[in-house]
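Listed next: structures, encoded as structure tokens.
Below are two complexes that have chain A in common, paired first with chain B and then with chain C.
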Partner chain A sequence: MSKFAGMNNAQITSSQCAKLLFLFALGSAVLILPTAITAIAKQDAWLSVLLVGPFNYFILIVFLALADRFPNMSLAQYAEKVLGVWAGKVLTLTYLLLFLLLSALVLRNISDFIGLSVLPRTPVWFVDVTFMIVVIYGVFLGIETIARTGEILFGWVMFVFIIILVSLFNQFDFHNLEPFLYEGIVRPLKGIYPVLGFPIGEFVFITMIFPLVSKQDRAKLRKSLKLSVLLLVSTSVLLIVFLIGVMGAEEVSRSPFSVYDLAKNINIEEILVRVEILVAMVWVGTVFIKLALCVYALTVLTAQMLKLSTYRPLVVPYAFVIVPLSILAYRNVAHAKEFATGVWTVYSLFQGFVLPLLLLVIAAITGKRDSSDGSFPEVKRSDGGHTEDGNPTEGAADLEGKEPSRA
Partner chain B sequence: MLAIIIMTMLAAATATVIWIRNGAKQLFRERGWALFILLTGTLLAIGLLLRLPVPNPTDWIMTIFSPVYKPIVGWVEKGL
Partner chain C sequence: MFRSYMRGKGRGSKKADKRSVKAEKHEEQALGNFTGQPLSVSLQQNIDRINFEVGGSQDIILRRLKLTDAGNTEALVVYIQCMVEEERLNNFVIRPLQRKRFSNESKIQPSEFLEVVKSSLLLTGIVMEINDWKMLFQKLFLGYSIIMIDGAANAIAANVIGGPKRGVEEPKTEMAIRGPREGFTESIRSNSALIRRKIRSPKLWLEQLTIGEISQTPVCMMYIKGLADENVLKDLRERLEAIQIDGILESGYIEELISDQIWSPFPTVMYNERPDVIASNLLEGRIAILVDGTPFVLIVPAVLNMFFQAAEDYYQSFDISTFLRMLRFVSFLIALLMPSIYVAIVHYHQEMIPTQLLLKLAAQREGVPFPAYLEAFIMELVFEILREAVVRMPTAAGNTISIVGGLVIGQSVVEAGIVSPAVVIVVSFTAIASFVSPAYSLGIAARLLRFFLLLAASTLGFYGIGLVVLLLLLHLSNLRSFGMPYIKPFAPLYLKDLRDTLVRAPLWMLRQRPQKLAEKNQVRQQIKTEPRKEPEQ
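Right, the complex of A and B next:
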């Protein structure tokens, strides 16, 4: 681990940022979303994912345009610059609710999956608390640690993805994809609706990450994000084509965790069987990244809104809110379905697209730009000149003969 | 009852750590806000354990966005 890990103001590369976006989007969506899309678009569900592809990048263009105007600031900071202090704080407060709720819902997803598939007799709160402890540790160590974990996980995700596709090729039936556009283009268009909110509307987390991309690497950011979106769309389309081709649209639309059920079908001469646990492992990993990014965004937004000098003291207290909220969020399956596939799209698009677009328009009209540094100040401690992050301050570094901390 | 006692003890232990660690680093405002969030979470957890009618944020969002999402969902689900 880097000696800078755990710093408030750690930096990541554009490639790490793109991988985080990919894992975040795949996060909880890959296992749950195919069911929602297939229930609407049936055998043309893959077309819905293809149609929504350009919107993935379009929403990022809005965030990139905001990042061009305010290159070293996060959403909470430039909201105050554009709208004024108090209106900016109110806007940030709405994002706090979004990330708090999103964290709780992602945690609920993983505990539901583990409860239904792997550990049916384990209490929900135990799964929640165990998972949250790991997330707290990750967020506490900082974005650099999360990004490095993402790089490792990215390789694993691609490996498992290829294994699934190759192993299921012999069971693929093209007739399951027919009839193509039987009811016209309307059904695939309707199938876009759940994807827009989950995960596209949630991409707003990336406004917290952009200022942390190292300055030397920012020129490559657009290209990396384009590649990430391209990979995301092609992965999703292939996955849905295989889901429908192997299981059929009806079975996919009934399965709560369709990709997990898809992996259960893998059986090569009774030698390669029960590989669904690989899917479960990778999914737990991607959900970890998604939850860690949500909690990171939540704590950093809070710290910046309240003008605190570090976000780290807030990480553990927020876990105390997220765990009960995840248990409270859904009353029953019907409530969960109505909220996740109906309300969430409108809500997350409002927060994740409409409000940032409004900010961009207002900033463009008023001509506001600011390249001042929005990073957290380095807090000097009284015990020998160390920063709050445990790294030596410049003066102390000279005394100890070490490299000064960067920020 | 045991769950409430364990929950309260865990919250108290966390609060003590927050108080001492942030006090040593002279992060007094951070400590105040951290304790406030911790208190909110603890009250929420105790409310759930006591089966009190705790307000659910998903209901607030459903109510706020119902004029927008209901027609869209109605259109999407039409003919399914």
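Right, the complex of A and C next:
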């Protein structure tokens, strides 16, 4: 990077943060999850998604409260402040495992999908590796780039979403949604369970993003996140309503990638047919954002735990772990579904909700607050491009907190 | 040819530093360093020195004159043939010097001669005193005439710049149906005047510097003080001053040397030939860079969106402009994606095509020996070759090429069953679409990337296209032009700026300049000029 690229100080706006959350939540969940929910809640699946809506934001409240206490720090840093250095590092280590596994699973999702639906004869590892190359490039370029890409993808996702819903109006059958609450409220309530773990528990990644939201924009953060969650809930409810309305609950609960199958139903005068590849492209985009954020969180957590000055050298080695892990993780799609909707919820909620809550409680009891450390020193930023001329030792204490400088 | 250029600090790796030091030494030998070397008092010595330095080149004219009746004070007029306007030189420099003879009695010292000549004899507008060889040669080769007087330590440079020059003509690269017909020329002065004639404000500032160790090319920055961002200006100045190259022959040199990212097919500096476009960009708070010897003026910072805007968009009504802009954007996507989408569909996703069409396609492909991706690749290559041939052909031969290309290759190849007609259609449509973009430099990006996309589509189908598009998106998101994110109004999102992107809102809605450019002076229109409403009956 030339010194003229030094204007890049990793700061994102609150709306970018909100869009990242939205894309992350859609991520790999949107294609797989409806099947699981519908299997449990049948035609009332949309109700489950509606009911789970508030939880999307509840979990963020914990992270936001932590971010208020430690506005310029990420999880790895305030864990050390709250629990002490070594206990904090152990806690970070558990998160490393979470994100490593999550990255592998997300990668597995995309290769399963591509392998089953789009390119049945292409070897899995080839799909994995090509996808991972894009992710490595993205993570290497940094969070600002990912955030901007996210903004464009957000527009593309909404565009395709609207196109698909509009073009499915002619297939929509309202009777598929009946009978409403045939077996009482219990089924829809049970339907909440997989959602809690699958995207919601994973929201903990956002603790790595919060300290990067620019200072002027901090005030708008809550509002943006609320809007994001609102949009998220309404899109997922609409999507499930259309899924059930067009395909019927039975078919949805049987199809492995229901939204993809939904798009196959599009048929306008025999001209606009089989545009499911559009959905696949949207999904490639959202999964990319999810995976990039996971790998970003993984590498930054590691870098911060080990007090490195940059996370970038870690990206490629981690990629070498993630790809084989993703191939080993499941035996097949059924296994994946079982794991994602059953076991995963407990694990991800423990990591994504219980532990942060514990941190918050301990921080509240001990009254720990820290806003100095981990701020983004502007001096570092302006000469971030040519550290060989600057003296990197100066203010090294500040270094650990900020997003590692560009190297 | 010009290997010795190196950016001073910017990309300085150690290896590069070494190379640039080497280059400097080399140049010192070849060029000589005249900085601070005073002129001699003796005219003869000066004449000898000039003759020595220029190797007695015959186009450099040394004209001796006698200033006094007795002829003991001599003067010398130096100029380069055809770089000066000879008539002006004769009338305004030589004639006054000849006509007014100083009498022997007047006892004027040679140094005073100089003052008298400068202040009351020479009839040209720009007259300046010169006291070292560097300045002398600089002015001489710009087309000034140099007047030296025996016994005086200084010389005078008088502006009689002239010589062969193209008149103002209609720009060749960006035609407009409606709008001014004038384009820049090769002369930097007339170019800056063309801009000044659009913006008649004292706040339009011009900073000139000379770049090119040997070529000594004048380069100007023009901007509107108060609108242009001071940080960008400072940055630009630094980048321009860091350039150490032997010669600047076209603004492309500057473009490449000041770009934020070289490893990108996308242009981060915009160029244009039209004064009105430059003026409108100056009014938005951007900075223009004029380079002598080329009609192409650079604009920074440049964002992707600017490459989809044509001058005409603002001269015709907003609805048609909006339509045309979307058309351009779609054409860009077609130019980029169409061959690869065709290949992906034919190879991997046949189900996407309506059955009737699929049958037609299959019938066409019957008997074609190559797989579709190879066909597409070959035809794309053929098209690029044709295009390159036509661009540099003499006009007379150009027609032959188009006949050979269009008829022989287009038709015969299909008839011979070597490629299917569908591929020819796809490739030619792509070709047409790639000419829609008003900015040629962006079209080039699409041309290059098309081949990568073809490769991706032939190996991984739509998934491959998706991956490459993602890569492109990441790359675009990462690009910056002078600190400005390259895809700015879209990401980071500036809702107000979206009015002048894919759509062109009516002018009364475009009340503000693009955000983050002219932050101190955001407002473009003060008065409400909304459409008048009919009074209600």
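Definition applied: the second predicted complex is superposed on the first by the 362 of 407 C-alpha atoms of A that agree within 3 Å, B and C clash if a C-alpha of one lies under 4 Å from a C-alpha of the other, contacts with A are read in each partner's own complex, and residues count from 1 in each chain.
Definition applied: a contact is a pair of C-beta atoms (placed from the backbone, for glycine too) under 8 Å apart; a residue touches a chain by one contact, two chains touch by 3 or more.
Everything numeric in this text was worked out from a predicted model, so none of it was measured.
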Check: Which holds for A:316: it touches chain B only (first), chain C only (second), both, or neither?
Finding: first
So, does A:122 touch the first partner chain B, the second partner chain C, both, or neither?
-> second
In the superposed arrangement, which partner chain does A:48 touch: chain B (first), chain C (second), both, or neither? neither
For A:16, is the partner it touches chain B (first), chain C (second), both, or none of the two (neither)? second
Discussion item. Per the contact definition in the header, classify A:74: touching chain B only (first), chain C only (second), both, or neither.
Written reply: neither
(Q) Applying the document's definition of touch, where does A:92 land relative to chain B and chain C: first, second, both, or neither? (A) neither
**Prompt:** Does chain B (first) or chain C (second) touch A:324, or do both, or does neither?
**Reply:** first
Contacts from chain A onto chain B in the complex sit at residues 39-40, 97, 100-101, 183, 190, 193, 302-303, 306, 308-310, 313-314, 316-325, 327-331, 335, 338-339, 341-343, 345-347, 350, 379, 381-383, 388
Per the touch rule, the chain B residues reaching chain A in their complex are 11, 14, 18, 21-22, 24-27, 29-31, 33-38, 40-42, 44-45, 47-48, 54, 56-58, 61-62, 65-66, 68-70, 72-73, 75-77, 79-80
Per the touch rule above, chain C residues touching chain A in the complex are 9-11, 235, 239, 260-261, 348-349, 351-352, 354-355, 460-464, 466-467, 470-471, 473-474, 477-478, 480, 482-483, 485, 487, 490-493
As the complex stands, chain A meets chain C at residues 2-5, 7-8, 13, 15-16, 114, 118-119, 122, 127, 130-131, 134, 137-138, 141-142, 144-153, 155, 270-271, 273-275, 277, 280-281, 284-285, 288
